[in-house]
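First the structure, then my questions, so here it is.
Each chain gets a letter, A, B, C and D, in the order it is written, and its residues are counted from 1.
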């Protein structure tokens, strides 16, 4: 019988606070096949991993079960540790006694302890049947696709191309630059956004490794990390039929940016009926030297210079009841900037900013907002605006100052709404085409909110900029470079390795019925050209098991999760019942 | 760049917090060598001191430990802990850094990290890692999960060094690793690029006399509270106040302790306090179900993915009482700590007789960052945060070619932003190294050739 | 067409003109508003305390009566409409309260009746185009300010048949009658409601905001569908004219009164003489009476 | 006077009753102030609507009970309609009024109303007024 070691992690108090780990170790000691059962504070730590490595060597272990957290967290860690001690990594398995046991049974320590013991025994049974596997190696196309030509896409393309790899940059509209291209100056130094963008555009233009496709969208994306195939859809000339092109890429960066909540959604602010109630991006165009007014502030209704301007923050943000529950992050800062710029251009004008909380978090941001108040005499009023309406050629704002406890009214000439930042139009559809996840609002989901902020959950697809969540230019640029770093890391490999725990076909049992082909969600199944047997494309197979269920002859199996594995595991569980 | 020598494709990263570690892993995993210098005996930085992280409440240890272990074992990462960079010369492609290692008083080459010396050492001192919420021995590692897991002797605490007595650790060490005579050593490392990721420290709260920090034992800072909440902390995750070890039933959290105060402390916002305070109050309520948590704030700054929702969870699900107004005074009354604040929304002054007060201190750069900046000729602002070339579009580049910045060294930032910035700095280094190593083979493929 | 009809207390007493105009106008449009055989006061305000189930008894009894006579219930008064519609939703959606209220009144009612405002019937059953065809008088020279008040539109989750911030039903009604709509901002602000009984000065000022704004928009008169709004807006205009120099009083009509006039009905039973600000001069000036 | 905040105060019985009767969670409010901004009676109030919730959040209901505001709320639902957190403030006002009147008796007495008022006002004004101003 295989010599198996069981290592039980306390995970601080995460597991040990609920599960009696000593008792678990004691209970496993005499289980058939187990030659060692021990516990430790943090198995993932350096000494914890040393303990595993040392035990493998000293006890000649042929299988390891680590009872700890989810395999999503540490399977790689412990398999690597085993490999370092000379054990085939696929002989190491995790029994999840944290998410599946201690966290869900905190109120019943006795039951949690018993469940942990049963749980570990089933995994011991699995390990008994495990084969030693060798990871698959896959080829790697060292060329990147960047979707979206805003500041994020430009930066990512530049970083990848500067390192020497070719990049295809696709942009849906007819110009590069995205939202940054529409801005006047940027906070906190009022530098012209146009100039900042120009430096990036120039870098893109000058780099022969970057190929830009304007008016182009990703129609389809197939394949897998290292070998994506993309079908690009190019808008036809003069309204003609679109044309398509196909490319292969090793990695994809999604940098599709954001849109803004439309004015029509704000009934209390006129729902778009009042010409002098505009959104902040429209005001930004008014401030921009290349905008429709040449940088002069003129209200839309009659072209007059507005003497009183009301800025309404949180228009559609922080409002789970009617709009978006989240904070749009950038509005506090650009509103302060817009109010200051307004005051610079209309020195006798009065600006009011209605806010709930001022969120000026960044270097010199707080100071910037304070200077808007002190140097530019912008009046900040703490309270959300309830109503905007037009009367006698004025935009009247109803607000309240929650600090004095007084209702306030401003007879303004112009009102500027800081509308909520939303995902770009079509983001959810794009996510479906790319097979990556979004959150409930349509922002692309990162692999981990803390430590993997630019990776999607799909290998080889990375995220940058506001497509992931609202963020400002510095953060977007940093994230774009970070996404580029992930691509560069990927491209630095000679070849890619993939998990071998995928499906295979027992040709003797396969009748060639083909039921597995439509069952596969990854297009990984096909018929052999002449053998009349089903085959598995190992690069595409994700080991989900859908074909195993579909196969009427039990010819499809998953490596290290065969019927023998499953039955042994079931027996172990049921033995306790 | 010197014409006659090929540029060196090796990077020096100063600071092994999450920023330094992330940059190191990105670069090392791309096939280049990294020298990672850390002044503490082990890596992980501030994040290792944290209990759980907002907004998911993932345990910080659980998500960080795999990274510290990976960095510790990486064949292309050379860890130089308990060390500081004392000089850097040269230019892009050819920097020479002088790294000074403090005497650990332990020969790490033979030490196995068995921990016996720490167990037997009779001298206990307040642990800076635990923000004095707990004690450590005179021979110590920062945590049981330290990478590397090798101890050092605190020569200011060890009775052999102070009074010439003891040497117990030497007697118990099974591999004779203790070396009381060990001297500081210096090493020169040759690198082509540098990333500065020296992070932050906390504003000296003693300067804010009105809050009684340092005088009233039950007034602690946010990082100390992290240690109290941490499963591997001095109280194993139980909230106990320092004065008498009792479970506090009323806890007041005071934000902006030293931030947003140009006249009295720092003018800037420290960015992360709103969120970690919401987390502290929430975790406190998870640990002490019958407790009451008050948060005094000026503006709630919950700008980030799922941050606003997290703040609402604190008030709605965990019933944390938010009070808008900065606290003016904290004083002791019997065994309670009285807080005088105001509620600017109702226009009332308020008072809480609390059992414990937690301050959210301003983040400030490490003093030694200034020295590094001077050596490298990188400008800093008046508070010592280093300045990137352009805040908006060159956030990790500096005036000095080949030198990059990552994390809180440029301004307060949270973990995801720090991690993104660290990878961004790595991208810049990888770009340089790729150019120096010659044209990648992929470039031979003309772009867009297959377009139909 | 015959639709069961709930007049309510005020329409049976102080606002008889409102009621008369409703019945006659709808009859002219081929709809019989058939008064419920038994009905009682709706309660005049929807109970806002969760445990206040007794206050639901009144409105629900009316709904039970309505259910015996048909599947729809027409209501003219916005306040009654609000109370009946919201009470009906409670009976439809909140099982616990439904059981208790049914137990109190020995009924088995689950919110089957559809509570409709007269304007909804005009919009959805008659149709604006058909209404326009039935109009006999020329109102083209009349500028009318629609006044919604609160109860008709709010809370939108429950009332929800028009955009609560930018409602259109009264505007479309006025346009169908051939009159001009005076666009003014305060058509859905509160007139002061029952505060009048407690703090008259506050009510007056709340009403003044609406009146002055309608005047400024060039309105000849205001129409509304709520007797209390009508009273609050109408009653204090002399005081307000004295207090706010330059304010010219403006008549406040019920929507059904204007409807009846437009349909060419004899307005003598509409009690136009009972209004505080007499609407007859302006109506006569425009050749409508 | 300084308000003494304590667990007992912020969770006091009155506050619990208000939450129970109104069915509203007071701590859901994050004090954006939009209710006060749109309230048509705010000009006459001594406490703004947001301050009523605020004081209740702090357990300071005495100040609320003394204020005119609770009697000036016409339950017009404008605040509830726009509240980003869906807090129905008119229900909170009603609960506070009811609790106060249970203790102190009716706010208006029909016999004391002027005869002119009784003669003129529409029926629904009395009925709703009594519903609001009597227990």
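For the reader, a short list of remarks on this structure follows.
Methods note: contacts are C-beta pairs under 8 Å (C-beta built on N, C-alpha and C of every residue); 3 or more make two chains touch, one makes a residue touch a chain.
This one's a predicted model, so the numbers in the text were calculated from it and none came from an experiment.
Chain nearest the geometric middle of the protein is A, using mean C-alpha positions. Distance between chain centres (mean CA atoms), subunit A to subunit D: 45 Å. Between subunit C and subunit D, the centres computed from C-alpha atoms are 26 Å apart. Between the CA-based centres of subunit B and subunit C the separation comes to 66 Å, rounded to the whole angstrom. Inter-chain centre distance (subunit B to subunit D, centres taken as mean C-alpha positions): 49 Å. In subunit C, the residues that touch at least two other chains are 164. Of all residues in subunit A, those that touch two or more other chains are 268, 318, 320, 402, 405. Shared contact sites, meaning residues of subunit D that touch two or more other chains, fall at 30-31, 43, 50-51, 78, 85.
In summary, the structure contains touching chain pairs A-B, A-C, A-D, B-D, C-D. On the side of subunit D, the complex with subunit A involves touching residues 30-39, 42-43, 47-48, 50-51, 78, 82-86.
Here subunit A touches subunit D in the complex through residues 268, 314, 318-323, 356, 382-387, 398-402, 405-408, going by the rule given at the top. On subunit D, the positions that touch subunit C within their shared complex are 20-23, 40-41, 43-44, 68, 71-72, 74-78, 80-81, 88, 90-91, 94-95, 98, 107-108, 113, 117, 120-129, 131-133. Within the complex formed with subunit D, the subunit C residues making contact are 8-10, 13-15, 41, 43-45, 47-51, 55, 77, 79-80, 150, 154-156, 164, 189-190, 192-199, 201-202, 205-206, 209, 227-228, 230-231, 235. By the touch criterion given at the top, residues 1-7, 10-11, 25, 27-28, 30-31, 50-51, 54-55, 57-58, 60, 63, 85 of subunit D touch subunit B in their complex.
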